[in-house]
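Shared between the two complexes below is subunit A, which pairs with subunit B and subunit C, respectively.
Moving on to the complex of A and B:
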C-alpha cells in the first residue's frame, strides 16, 4: 500500500509559508535542527537525534582472518536497519527507494571515503585483523534520516575504543579493558553529511535539513558529505528540479560552514562524555 | 573557459587500460595515458537505428570504449494498478550490466545495490525532464544494457537515455548531457577512462544545455571545495559540447528518415519521428 501523501491544504500551507520566508518549525532556511548525542553505557553506542528524527548506532569489533586479497587491512561492515518502526513508509523485506539511498550513502560516507584507517586494524598480517561492525537502527523518521544516520555512524566510530592487543611472535594477547585502556580507532577525518531540499517552485528558497513534510514535498535533494577541512567526499544530487550552477556552489559553501560548526559540537560532546566516564586503568 | 577549446578527438582510445597502475595519468607533455589532452573528450559514436524487438526508440552510444544500449518502450498502458498515476506517466528504468563488460568477469544481479542506485538516480533525473503529464495512466519503460565499461558509466547511461527518448518521440523539456571530470593533482581532466577514474577524484555532472541548469551531480571521492568548483564549472561547459554531438545525431537520423519517406512517395504520417522538434 502506498502511504497517504500530504493533503493539498498541507502542501499549500507549507509552500505559502516558505514563500514568505518562514519554515513550519520556525527555523531559518539554512539552519539545522538541534543535534543531541546521547552515549550509552558501552563504548561505541550512540543515539543521535536531529529534532524528532532519531537513529541509534553501535559499533563492535571482533577478530577475523582477513580475506586473502587484502591481508593487511581490517574489515568494516555496515548493517542498517530501517524498520516500519521508524515510519509507516517503510516496509519490511522490500527495500524502498529511500532505504536504498540511505544504505548506499552510509556505505559511501563511512566505508568508501576512508574515514577509518583500515591498515591500523591489522593485528597480524594475513592472520588476524579487526572486523568492525556498525549497526545503524533508525528509530524514528521525522525527515532527513540520512544526515542523522551518517552523523550517528561517524560519532559511534569516534566514540568506540577497541581492546588493546599485544603481539609477541605469532601469539596474540587481547587485554581486557579493565587491565589496559582500550584504544580509539584511528580516523582520518570526520565526515558530516548535509541534505538540502529544494522545491519545484523555483521561487522557494532551498532548505537545509528538511523536516518530514518538507522532505515529502520536495522537488529534489542534494546531499553533501564533507569534513571540517573543506574537503568534499560525497556530493549527490540525483535528478530532481534542475539548479543553476551558482546555486549548487552556494549550497556547497553553506555546507562547508555547517560542517565546521557541527565538528565543534561533536568534539565537545565526545570530550564531555569521555571525562564523565570512569575507565579503570591500572 | 570557452566551450570551443573542448575539442572532440577523432582518434579512438582503443589502447587503454591494461591493469597497470604505473601508467602516468598526465605526462609532462600534457598528454594522458590514452593520448588525449586535458580537456579532450573521447570519441562519441551514436547509433539511433532500431534494434529489433519492437522498441519505440533505441540508442546505442559509445564514449571511447564505454558502450551502452538503451531501448525505450512506451508510453504504453501501465501494467500494474499500483503503479498507475491518474495525472502522469510512470517512468520505469532498469539497468543491466553485462558480466563481460569489465575486464574482470563479474555477474551483478538485479538486486545489486549499485545497480539499484544507478537506476534510481537515472529515474529521478529523467522523471522531471520527460513531460509525463501528457500521458496519464501510462508507463514508459527504459531498459539500459551496459555492454562495455571503460569509465563514465553514469555519463554514458544518461546520454544514451536522452537519445533513446528523443528517438522514441517522447517529449522532453530539454536534453540531458552528462560528463565526468576529474582532477589530477591540480589539473582538471575531462571524460575519464576507467584507469583515470580509479585513481582520481571524479565528478559526474549532467546539464540541461538550453537553460544551463544542473540536474545531476555525483561525486564519491575526496576533493577540496575549490577544486570541486573548478571541475564542476568545466564539466558544465563540456556538457554543451556533448550536446552538439547528440543534437547532430538526432538531426541526421531524422533527415535520413524524412528522405526515405519521400523516396517512397508517401506523405509523412508523423508516426515515427515526423514532427520531431530536435
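Moving on to the complex of A and C:
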C-alpha cells in the first residue's frame, strides 16, 4: 500500500507559509541544506547527506574485455538501488515514477555527460579495459534524493583511485596499492545537479533543494546539472507547470553560483580526506 | 535498569502483575508448569523498567514504525471513505477503520463529513494482531469528544515514537518551554505524529523545528540547545 498524499492541513500550511516567504525548515528560497560528505575506509566509498537525506555511493573497478565496437573505451555502469529502507513510499520490484527519474538522471549526469574520460580507462586496446561499477544506495529520503545521489556519485568517482598497471608488450601487470600508489580517475569536469521545485500557484516563489513535503506537493521540478565553469550539461523538467524563459534563465544563474560554492566544499573535503590517509611509498 | 533483547526472559513477578508494552506472557508455558512459573518474555529490545512495588513492568525503546495498542491516542489521515465509515492511515502496517458513528453525538442522520486528507485525532479502541485496528473519537468513560475529532488548520510534524511519548510526560522540558514563550495548541499522537497550531505560520514553524531538533533520532538537543535555536529563529 502506498502512503496517502499529504493531509489537507499540511498542504494548506505549506502553501500559506511559502506565500508569506517562509520555508518549513527556516531556509531561504534559494538555499540548500548543509552538505556533509563522509568517506569510508576504502577509496571510492562516500556517504553524502543533504539534511536528513542520505545516499551512499561506492565505486569499484575490474578488468574486462571491451565490446568489439568500442575497443579503446572503458565501461561505466551505474547500479542504483532505492529500497523501502529510504522511505516507506518505495516498494521493491515496482519502481515508482520518482525512482525511474532518479535512475535516468544519474545515467545522464554521470555516464552520458562524459564526466569520466573513458579512453583513459583503456589498458590494452581491444584486449583489456577497466570496468567501473558505481553502486548508489539511497539510505534515507527526506526530499531531493536526486541531487544527493548525483553528488554522492560524482564525489565517489573523484575519491576513487584505481590500481596502477604496467603494460609490456602484451603482458599486463597490476600493481598492488601497497607497492605503487593508486591513480585517480581522469575526470573532465565536476558536474553538480540542482533541483528547483515550482508550485502550481504562480505567486509562490520557486524553491531550491525541496524537502520532503515540498517535493510531494510541487507542481513541477527542474533539475539542472552543470559545473563550476558555467557549462550546462543536463536540464530536465517534469510536472505540468508552465514556465517563462526568464524564470529558467534566472534559476540557471542561481545554480551557477551554487555549483561554485559546492565545488569549493567538495574539493576541500576531498583534500582533507586525502591528507588524512597516510599513503606511504617506499 | 537492564537492557533486554527480544526473546529474553524478564524477571517480572507479582501477585497482581500488569505487563506494559514490549512484554508478553507465554500462556502455554505457564499452563504446563502450573501457576508457579509464569514466563514473561520481552518482545522488543530496550530497557526494562518497573514500578516501585514491582507490579507494573514495561520496556522502553525507540522506533519509527508504529504498532497499534488499545487505548492509545493517535493522529490519522483519512485515505478513503468507505460506506458508513472511513479508512485512516495511522502509520501502521495496515490502515485503521473509523466508524462514522464513533464521534460525540453522531447519529445516522448527523455524521461528520470528513474529506480524504483530513486529519483525525482519535483513540484506538481495538488493536488485535489478526485484525485491522479500529478508532473512536470519544472518551471511553464520558463518551464526550474530549478533544478528539477532526484537526483543522495547523500543521503536522512527524517524530520518533520515543519523542512523542516524552512529549506526554509533564516533566519533559519542551512543551512547558514552548508554552512559556507563546500560546499554542498541540495534539500528540503516539504514532509519531504531532499536530501543532499557533497564531501565525512563523511560530508554527518554530515549534516544528524545535520538535524535530529535540528528536533523539535526529540531533537530540537538550533544553539549552532548543532555547538558543528558538532565539536564533526569533531574530530572523
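Just so we're on the same page, the second predicted complex is superposed on the first by the 281 of 282 C-alpha atoms of A that agree within 3 Å, B and C clash if a C-alpha of one lies under 4 Å from a C-alpha of the other, contacts with A are read in each partner's own complex, and residues count from 1 in each chain.
Criterion: contacts are C-beta pairs under 8 Å (C-beta built on N, C-alpha and C of every residue); 3 or more make two chains touch, one makes a residue touch a chain.
Values in this document were obtained by computation on a predicted structure and should not be read as measured data.
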Clash-or-fit label for the pair subunit B, subunit C on subunit A: fit
Superposed model, angle subtended at subunit A by subunit C and subunit B (C-alpha, nearest 10 degrees): 100
Touching partner for A:68 - first (subunit B), second (subunit C), both, neither: neither
Of subunit B and subunit C, the chain that contacts the larger number of subunit A residues: B
Partner chain(s) touched by A:169 [first = subunit B, second = subunit C, both, neither]: neither
Partner chain in contact with A:242 - subunit B first, subunit C second, else both or neither: first
Which of subunit B and subunit C A:5 touches, first, second, both or neither: second
First, second, both or neither for A:231, with subunit B first and subunit C second: first
Nearest Cα pair across subunit B and subunit C, whole Å: 10
Shared subunit A contacts, counted only where both subunit B and subunit C touch the same residue: none
Sites on subunit B touched by subunit A in the complex: 82, 113-114, 116-117, 120-128, 203, 208, 211-226, 228-229, 232-233, 236
Parts of subunit C lying in touch with subunit A, wherever the complex brings them together: 77, 79, 89, 95, 115-119, 151-156, 195, 201-202, 204-205, 208-209, 218, 233, 236
Partner subunit B, residues of subunit A touching it in the complex: 2, 95, 97, 100-101, 103-104, 107-108, 112-114, 200, 219-220, 222, 226, 230-245, 248-249, 252-253, 256
Footprint of subunit C on subunit A - complex, ascending: 1, 3-13, 16-17, 20, 22, 24-26, 52
